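Think of it as A, B and C in the order they're written, each chain with its own count starting at 1.
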Amino acid sequence: MNATASEMLLVNEPPPPPPPAEPVAADPVPAGIETVGRITVDQPRMTSRNVSVMYGDKMGIEDVNLDIGKNEVLAMIGPSGCGKSTFLRCLNRMNDTVDVCRVTGTIRLDGEDVHDPRLDVVQLRARVGMVFQKPNPFPKSIYDNVAYGPRIHGLAEGRRETDAIVQRSLEKAGLWNEVRDRLEQPGTGLSGGQQQRLCIARAIAVSPEVILMDEPCSALDPIATARIEELIDELRENYTIVIVTHSMQQAARVSQRTAYFHLGRLIEVGETSQIFTNPRHDLTEDYITGRFG
Amino acid sequence: MKHTSARQAPRNAEEHTFKRFDQELAHLNRIVLRMGGLVEDQIAKAMSALRDADLDTARNVVARDHVVNFLDVQADEQIVNLLALRQPVGKDLRMILSLGKTVTDLERIGDEAERIARMTIDIYSSSNPPPDARLLSDAFRMSTLATRMLHDVLDALARLDVEKAIQVARGDVELDSEFQAALRRLSTYIMEDARNVGHTINVTFIVKSLERIGDHSKNIAEYVVFLVKGKDVRHVSPESIDTGELGR
Amino acid sequence: MDTSIHTSEAMVRRRAKRRAAERRFRAYGATAVALAIAALGALFASIIGNGYTAFQQTYIELEITYDPETLGLGEARDAAALSAANYPGVVKKAMRETFPEVTGRRAKRRLYGIVSSGASFILRERVLADPGLVGETRRVWVPADDDVDMLVKGHIDRDAPEAERRVKDDQIAWITRLERAGRIEKRFNTTFFTAGDSREPELAGVRGAAAGSFFTLLVTLALSFPIGVAAAVYLEEFAPTNRLTDLIEVNINNLAAVPSIIFGLLGLAVFINFFGLPRSAPLVGGLVLTLMTLPTIIIASRAALKSVPPSIREAALGMGASKMQTITHHVLPLAMPGMLTGTIIGMAQALGETAPLLMIGMVAFIVDVPGGLLDPSTALPVQIFLWADSPERAFIERTSAAIMVLLAFLITMNALAVVLRRRFERRW
């Protein structure tokens, strides 16, 4: 609660006292600021406490506390470089692949610490799938793309089981009817939106609990985007979805909760309807109304 | 219009990255405040016509109501455009919604001013002798209260002043009790002299209109609170509206 | 009147100037390309012009009588006796019979000199293949001596003063007679492709050198490809970025620039003197060339690995593939065309390399075609070097011919690289 600042922004007494000129985008968030809003949920799937990421000696994100509920879509928004993608990649330890990246704090998946040395990162990534910004199907056939995960994790025995998984995954991703006759064609030959749905099918083929999406529609046209958004809404029934997006409208459309990041800190989190009608932090307000960013 | 010139359009501390959005919001604000000034003037003119038995002014007020309606239409158009083209969220969304509702209430206030003017014309153009000052004193007392409420709430809207808006909302109680008292007094006039019935009915309509103006002002005050605080304080008793509870 | 500044006269002039500058710029480039093509054309024209005649060889038809007496066989017909028989005598006798008027030792020697000393080997082979020939008379085409070959091909001027040419007047007369009789013929020079080196140009061939090069490259490929790819994969995918890996990287880049003769010295010191491997062996040559080729392959392979889009790695890792699965299932298949191209180009470099091989003794005069990795052998570029050094006129054309063979190999390898890249390159 920084009531004084907000009062100053919203109430202009005549003659207006010159408001302290705060170029918000440039100034760092004052240290020790706390996240506005309720970070916890009743049925958490993942929890993160005091998660900080350092890139070398540069702070990526700092002290992020956030719960992700079961079967909810959590949207993470914020200006470029605010750390939302960094936090997303902490959730399935994709940051491990970056040498200089150091993650501290606790992240739990169903109560299990994801950094527990006994927990295999391979297993974690099977449970926490990921869909990337640019559709990145393997340069293999559509079938092999979807079957790859089940094969490496030994989820399917024999051709028949694999076939079933491939079909089910493609159906869930809303792609089956479009590709059923050309499963042997390369996945890279599909259109952008189809490729992205193929990537989603590939991710759900290993039956994850959580699906992370890093700006999944940024390379797609509005119709393809709408189909992905509809798909996200359908998938919510069975999966927990965390989506990073630059489109605030998209966050508003698909998510139940929204988290706003700014300069490596989680500024505010709340019900999406609240964030978009009545954000409680000025930075959130300024960002979603297009006053900077 | 001189009331509005003293006021500033509600202003955001920071501007939108996309400047035209700001200009369009400012334009909407100007329309609303102009409308506010206009209906304030309409009420003042209607009441002065009642006091001075000035039928010309009263007719002017009636004629000028279409300007209020025109501004109402204009404001609605601007709102539709803003919603469709800018997809406002957060503060912007609340502002546009609040201004939209304010416009409706202002239009009603304009209608009430027109009704007062029509009653004035009725009162003074009938064959009966003009009513004595006692009969009208309640109307003037109430008009002072209602005019102040409207003025204050427009001020609060212009400055996004929540404190003032809450004061206005509370002030409505006073106006309501004044209205009840006026009704009781007016009924005694009828009991005193049955010939007063015609005037008393007209005056009853006038005080009813003034009471409605208070209600509309209170509504606007609530929109101001919603605009600034994001809390809907309608259908909440004014006593329980406490700035401290409103979050932030 | 249009007032736009873009239509003013000054602007029109400026545009004209700009267009002229652009045309000039294009002309420079076109000139550069033309020069390069001209240089290449001149090189090829010179080599082919000098060398194409080497693919033909002059043969002389002799009427050979396999007389057991002249052969010195007596009654013996066993292989050892047949092998040791006096075939040169038979050849000489045939020559004497052809030109019975020739007398005097010097004249006779000149007469015998018309036919290559290899003729007797041909006769021996025939007799060994069919001992029944002994006692029979056959017409046999035998290679002419290299000087005669040069004369017939027109490289020696018949009108020059006798003292200035290697073929004497009487020899020319005999050859003219043989030509008139249709007993001199130019045939396709199979010897050049089937024989090893020889002091006699008409008997010398590139097969020994080609085999040496083949074995050397086999060793190089077998060692440098797996080592190079493994090193590249480690450096690119696993190695942490720190001082040590930086140092390694710098050193690999420097190693690619080290003069190749240094590698030869290294090979001499380490493989031959320290490990005691045999001199002149393809194995040692292969080891040395491996050292030389490795940096090229590592650098090319790393570039190929780098060019695999990170999104593919992320996709695989995000699916829960392990690092090794990611590399073997996705990264390596995508990088393979680049790696293969790099390897083939490295191999082509190694194929053309002479200097390091000189240091490890592959420059020796070796007649036998090597049959294995430890047999003494030479390599194609070294063979070219040796022949270029030889005084005989016939070796000049053979040098060019050998260069053509080497170029053919190189072009084939480069074409293979292009084909592999086309074939395996995948779009993503």
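Note that a residue touches a chain if its C-beta (ideal position, glycine included) is under 8 Å from a C-beta of that chain, and two chains touch if they have at least 3 such contacts.
None of the values given here were measured: they were computed from a predicted structure.
Trainee: According to the touch definition, list the chains common to the neighbour sets of chain A and chain B.
Mentor: none
Trainee: If you average the C-alpha positions per chain, which one ends up nearest the average over all of them?
Mentor: Measuring from the global C-alpha mean, the nearest chain centre belongs to A.
Trainee: Using C-alpha centres only, name the chain that sits farthest from chain A.
Mentor: C
Trainee: Take the average of all CA coordinates in chain A, do the same for chain B, and state the distance between these two points in whole angstrom.
Mentor: Each chain reduced to its C-alpha mean, chain A and chain B end up 48 Å apart.
Trainee: Which integer distance in Å separates the CA centroid of chain A from that of chain C?
Mentor: 61
Trainee: What is the distance in Å between the mean C-alpha positions of chain B and chain C?
Mentor: Inter-chain centre distance comes to 103 Å.
Trainee: Which residues does chain A have that touch at least 2 chains other than itself?
Mentor: none
Trainee: What residues on chain C touch chain A, complex-wise?
Mentor: Within the complex, chain C touches chain A at residues 240-241, 309, 311-322, 325, 329-330, 334, 426-428.
Trainee: What does chain A use to touch chain B in their complex?
Mentor: By the definition above, chain A touches chain B via 1, 3, 6-14, 16, 19, 24, 248-249, 252, 276-280, 284-286, 288-293.
Trainee: Going by the contact rule set out above, which residues of chain B touch chain A in the complex?
Mentor: Residues of chain B touching chain A: 8, 10-18, 21, 87-94, 159-162, 228-231, 247-248.
Trainee: Mind pulling up the chain A residues that touch chain C in the complex?
Mentor: Checking each residue of chain A against chain C gives 92, 94, 97, 99, 122-126, 129-130, 132, 134, 136-139, 148-149, 152-153, 188, 199, 202-203, 206.
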